[in-house]
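These notes open a run of structures that come right after.
Here chain A shows up in two complexes: once beside chain B, once beside chain C.
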Partner chain A sequence: MTTVQARENTSSPAEEEPHGAARAERLSALAQQHGALVTLMLVVAVASFGFDTFLTGDNLENMAVSSAFLAVVALGMTFVIVTGGIDLSVGSLFALGGVLAAWGSQYGTPVALLLPLAVCGLIGLVNGLLIARARLAPFIVTLAAMLAARGILLSITDEGSTTYLVDEKSFFARLGQDKLLGVGVPVWITVALFVLGAIVLRRSRFGQYVYAVGGNEDAAALMGAPVARTKIAVYTLSGLCAGLAGALNAAWLVSGVTILGTGMELEAISAVVIGGTLLTGGFGFISGSLVGVLLLKVIQNVINQIGSLDSAYQQVVSGSFLAVVVIAQTWLGRRRRML
Partner chain B sequence: MLSVSSLTKTFPGARALDGVDFAARPGEVHALIGENGAGKSTLIKVLTGVYQPDEGEIVFGGEPVRFATPLAAQHAGISTIYQEVNLVPLMSVARNLFLGREPRGRLGLIDFRRMHREADAALRSLGLRIDVRRPLRELGVGAQQMVALARAVSVDARVVVMDEPTSSLEPREVRTLFGVIRMLKERGIAVVYVSHRLDELYEVCDTVTVLRDGKLVHTGRIADLDRLRLVSLMLGREMSEVRSEGLTKFSGDHEAGGEPVLDARELTVRHVLHEVSVQLRPGEVVGLGGLLGSGRSETAKAIAGALPPDSGTVVVAGAAVRTGSTPAAIRAGISLLPEDRKAEGIVPGLSVRENIALAALPGLSRFGLVDDARVDRIVDTFIKRLRIKTSGPYQKVGELSGGNQQKVLLARWLAMRPKVLLLDEPTRGIDVGAKAEVQRLIDELADEGLGVLLISSDMEELIEGSDRVVVLKDGAVVAELTGDDVTEDRLLHAIAAEGGDHD
Partner chain C sequence: MTDLALRRAPADRERMLGLLQDYGVYAGVTVLILANIAFTPHFVSAENFRTQAVQVAPVLIVALGMALAIGSEGVDLSVGSVMALATSLVSLYLGYGPWIALIVAMLGGAAVGLASGSLIAHIGVQPIVATLALMVAVRGIALVMLPQLKDVRDPGMATLGSGDLLGIPYLVLIAAALALLVGFTVRRTTFGRQLLAIGDSRPAAQLAGLPVRRVLILVYICSGVLAAIAGVLATARLQASDPTSLGNLMELSAITAVVVGGTPLSGGRIRVGGTVAGAVLIQLLTATLIKHDLPPSWTQIAQAVVIVLAVYAARERGKR
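Let's turn to the complex of A and B:
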């Protein structure tokens, strides 16, 4: 025991580490949390100087509305990824939700909203049950759901040849088209959902379980957290979000477009990861995902503004950006583990 | 408070608990001890709702109970602290402390201010000052263990089960832990304490229950039991009964001579090993003795590069070996036959031939292509020499018996032409006949000039197989038995000796 006495230590164990390490830890945590936000502000600043058309009301409103649908999908995805899972079915569910909403709108707004929620929520629930109870890999389960949902979509639209239209004068269409204080209703709905989502994730007991399951599943189980129920809940939530996003999108487009949503799951995952959520689970925030979505959409918008640049480059830029973020995250994570 | 009677739990192929009685009383610290496979972890898991008993009764607070899940046991007031910290590292200290029972305010939302205040108070009452908002992983392992302890005692526990709680603690933290245990005792809480450290048991426990091979062998006040008696109960050895005639197939002495082929000096790994030195001469079998958790396997791993030491040196045949690197150790001629051959050794889906050639492949190939003829020659030689019972070199190793799997592993390492062979429990889980063959093989290998380090929980095997025995306790060498001193009696005394303070 001589070395301990020689250290002449009267402090508590927590104070063992040097303060420099704690500061570095906090800095890297900050970088992880706000890196995307800082980047977003930089890109917006540059774009505002570079293009007169960027900071116009129309352009901003346009970006906001087109971000809204992806944002709602990313909201559900954030919960899934924080538990350490992944949901590949959301793109198909988005499209399915849109078609169901457009078809249902002929029977009134409640049907147009509740039908996609019920169907997509049910598919999410099945995903959750297979993952949590049958202990199958999320990747495979949601990949199967992605294919199955596409199949359902094709069968109810006669291989995509039937497009259901929404009556432009219906209340449901107004949900997608109307503006409140100059901003589209879908944007307001999205903002409200994000506030709600952030409160649930940060301040509810369910939110704590979501973090605990993603952080250390075995420990969470031993501490008495309902691991299976938490997983089932997040996949159901993700399905609901995708369905709702699809319905809102249908209201906005006043039709159920079958070809939408391909690759959207990857866009949503990118947005969540860019927003600072760890793909390995246990760490992440709702607000980050919103920033991630905006960043993707602003980059897309900027590239469209540069008329000379092929819009295909947009994906190259988004992809590179994602790679940079993941590398930075891994690096920060490794640094923090070493401390 | 919590008692079980004639508890039986059977797993496929093994009876883990056989009619065990156990009682934890309020205000009493009850030590539960036994070697590997004695059934103590099974007993703990039955008590805490992880396993269901096959037979027997659990009585808690005067009523017969059955806990379907760990959660049910926790709700009833049985808290457990596991050997490994079982918390969520990315979450804050306070969130970990209160997961699942957060104080909630209006709208059912968590009242963080109150949670932080209460978390702080709970830790202070254990003498800890930690910023409860910090992520748990920023704390040292010891402090994390203390948070786990705080969680366990703050849930109105009536019984606290501690499974080797000190294995990752600094001596200073052990003092804090003991303070907490005494406090729990005063509060009338029953504590079940599992540890292999005898000094701790005598310091903090009131009663002791010894399990061996799933059966209860002793229960009573710990003060009435001296250390030597305790150790012999655990290991199932009566000092007076030590047989003069051996039951193993070891011939005994070897011609050991010359310079040490292996010279490991002052290997130190924080919390695990403390300046452990071992020398091996060619043709010598050196045994590593000690209880479970005394650092035997860790010593072997540190020598073989699988466990990077904080300090210390390893020299093979006069040349220093880079520590913490298995390739370097293998190149130098050190081969380790690991303890858990299923997890760390054989590849069951591959053939006997492939398993043997696996490690030697780099040396058997030219321009990246494997020289099949040479592989065949080597594989045939070893199948014959080690008398591996197989239908042929292409049979899958998974289909062989345990003893033959062990021989395949041995062949893999011998194909590397090692100078030093580290054998960790080479005969565990294999039948008697195969055991004798492996033992004879070890003998032959030593006679051929290999330096062999033998780890075995089988006392007889250790005593009769070894020319010398280095005795470890709490990660430090406490004795070295040579010549006529290599007897069970001496070994028991060395293990039971008091002290062994380190760090």
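Let's turn to the complex of A and C:
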């Protein structure tokens, strides 16, 4: 979709432009940045005309809450991918975070929140140390962490047979289930985190280091950017986000479901990539990831609305969609380099 | 004097790590076998060896294809889904006879390989992402074709799954034959050398006039076909088609086998013998932990530690 849009833009007979190349480059960049948003609006428009049940309060609320958890995971993933890395452990960390939060909730809300953050953050830190200090390939380190975290989860739940429950009257459960101005608390938390994340990535020194490391690691090091520290920080951040998302999800479900999170790393990566962040690093934005998450969830919702189609079609659509987006991005990226 | 000593010490260390990377996997397998002979009751029996060998066969076949992808400085995450696609195709086409079903399944695998190879070679998408997209989509296609578990009742498939020749199961024979074939391809054919050259340095291979795109596409087609064969064999052994769970996490086991076997992730080098030993090592590790009543969660943690150690050894080598 992004490709088509770019083509229309570049061929449109607009007013004369002295710097044709610069203009084309700006349009490519524009397509890359806003292609997902335009697609999202199109899908929402089509869905609300096609299905009466789409634009109802209940359905929107459902989509918002179920997007919230994936969005928090995708937030951490965005930082990792902008440095040119990848984190495959987030699905397992999400599940582990949920189980730890549900177990910890018997000792009060602070424990329920801090325990998953501490453990998942620590695993993220180990990932970061192995990647930045020992210089191992990110995908293999986080693959190992994915196995290890799932293993830890199984060993604290009697091989997955124990499900810890959250007391429904506790403050922790209310954190997941209460509504504020008609919108679930997890949604508010997610929105707040995205605003914070966008400010950090765009405006802070750390954010600039993240872009620099992803753009060109050697150049960043020569420039004096703390390359290793930045990498360690983004993997720790990704672990923290996954753990927090898991904890919020446990509060919402009032239990620590052990089988959650498989395939979530793929969803999160897809969302980030669809949102316009380049997997080669150095380019990307937080808001795009949020759009990517919403787009994935809206498509899932539409497929559910069709009803006769099962989740298998959902996978076909998600996979093909990811392929199309990546092709479009590669094409746009090459165009920009050539111009 | 001190200077010399300083210079020699890292060289020795490097040589040790190189040896560890090249032969560590064989040492690991030997140690595990000896430990099992000493401490595990009923380990030394024809029955047990047969079970272990039959279980390792599909993983090994997938790992062979993965070794080719990794040798070309890529990776193929779609292998597990290709196994699921193969099992769906087999049960759909079994009516035309097992051979037709096998060929259709292999064609399916080749088509997936062609798709990921084209994305990687022609469009320039990173291997991780291209095969990730196919991993999601192909599992979906497999489930659309065959929404739920289905028993496979066919005398031909039953023979394939549990029959043997001179006491060696067909599954093991096929895996061994494919290992020899891949070993031969890597060492002795033009394709193998071009593949390693591309893995070593794609720009250099391009400048040298090698058919980079064609070779890369062929690599992923090989990986797809091998994964499809593994899927058919697993279907034959289980006597059932289960596209929901067949091949789940298979990409992990295959990558582990390849990496533990001493093939560097940076490409340009493929150790087929090491890959075989790597697959056996993981199988033995799992079997040992299970035999000693350790929970499956420990197996996962152990596998994670083994992966990291193997990559760490490979890293020191790569820096030389």
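The criterion applied here is as follows: the second predicted complex is superposed on the first by the 321 of 339 C-alpha atoms of A that agree within 3 Å, B and C clash if a C-alpha of one lies under 4 Å from a C-alpha of the other, contacts with A are read in each partner's own complex, and residues count from 1 in each chain.
Please note the rule applied: a residue touches a chain if its C-beta (ideal position, glycine included) is under 8 Å from a C-beta of that chain, and two chains touch if they have at least 3 such contacts.
Just so you know, these numbers come straight off a predicted model, no measurement behind them.
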Chain B versus chain C as contact partner of A:S318, first or second or both or neither: second
Which of chain B and chain C A:L136 touches, first, second, both or neither: second
Partner chain in contact with A:I86 - chain B first, chain C second, else both or neither: second
First, second, both or neither for A:R205, with chain B first and chain C second: first
First, second, both or neither for A:L295, with chain B first and chain C second: neither
Contacts of A:S155 with chain B and chain C, given as first, second, both or neither: second
First (chain B), second (chain C), both or neither touched by A:A219: first
Common interface positions of chain A, toward chain B and toward chain C: none
Touching residues on chain C, where the partner in the complex is chain A: 75, 119, 123-126, 128-130, 132-141, 143-144, 147, 252, 255, 259, 265, 295-301, 303-305, 307-308, 311-312, 315
Residues on chain A engaged by chain C in the complex (per definition of touch): 86, 130, 134-137, 139-141, 143-148, 150-155, 159, 263, 266, 269-270, 273, 279-280, 310-320, 322-323, 326-327, 330-331, 334
In the complex with chain A, residue positions of chain B that touch it: 70-71, 74-75, 80, 82, 85-91, 95-96, 99-100, 102, 104, 108-110, 112, 127-131, 134, 137-140, 142-143, 146, 151, 170-173, 501, 503
Chain B contact footprint on chain A (complex, rising order): 1-4, 9, 11-17, 22, 25, 199, 203-205, 208-209, 211-212, 214-216, 218-225, 282-283, 336-337, 339
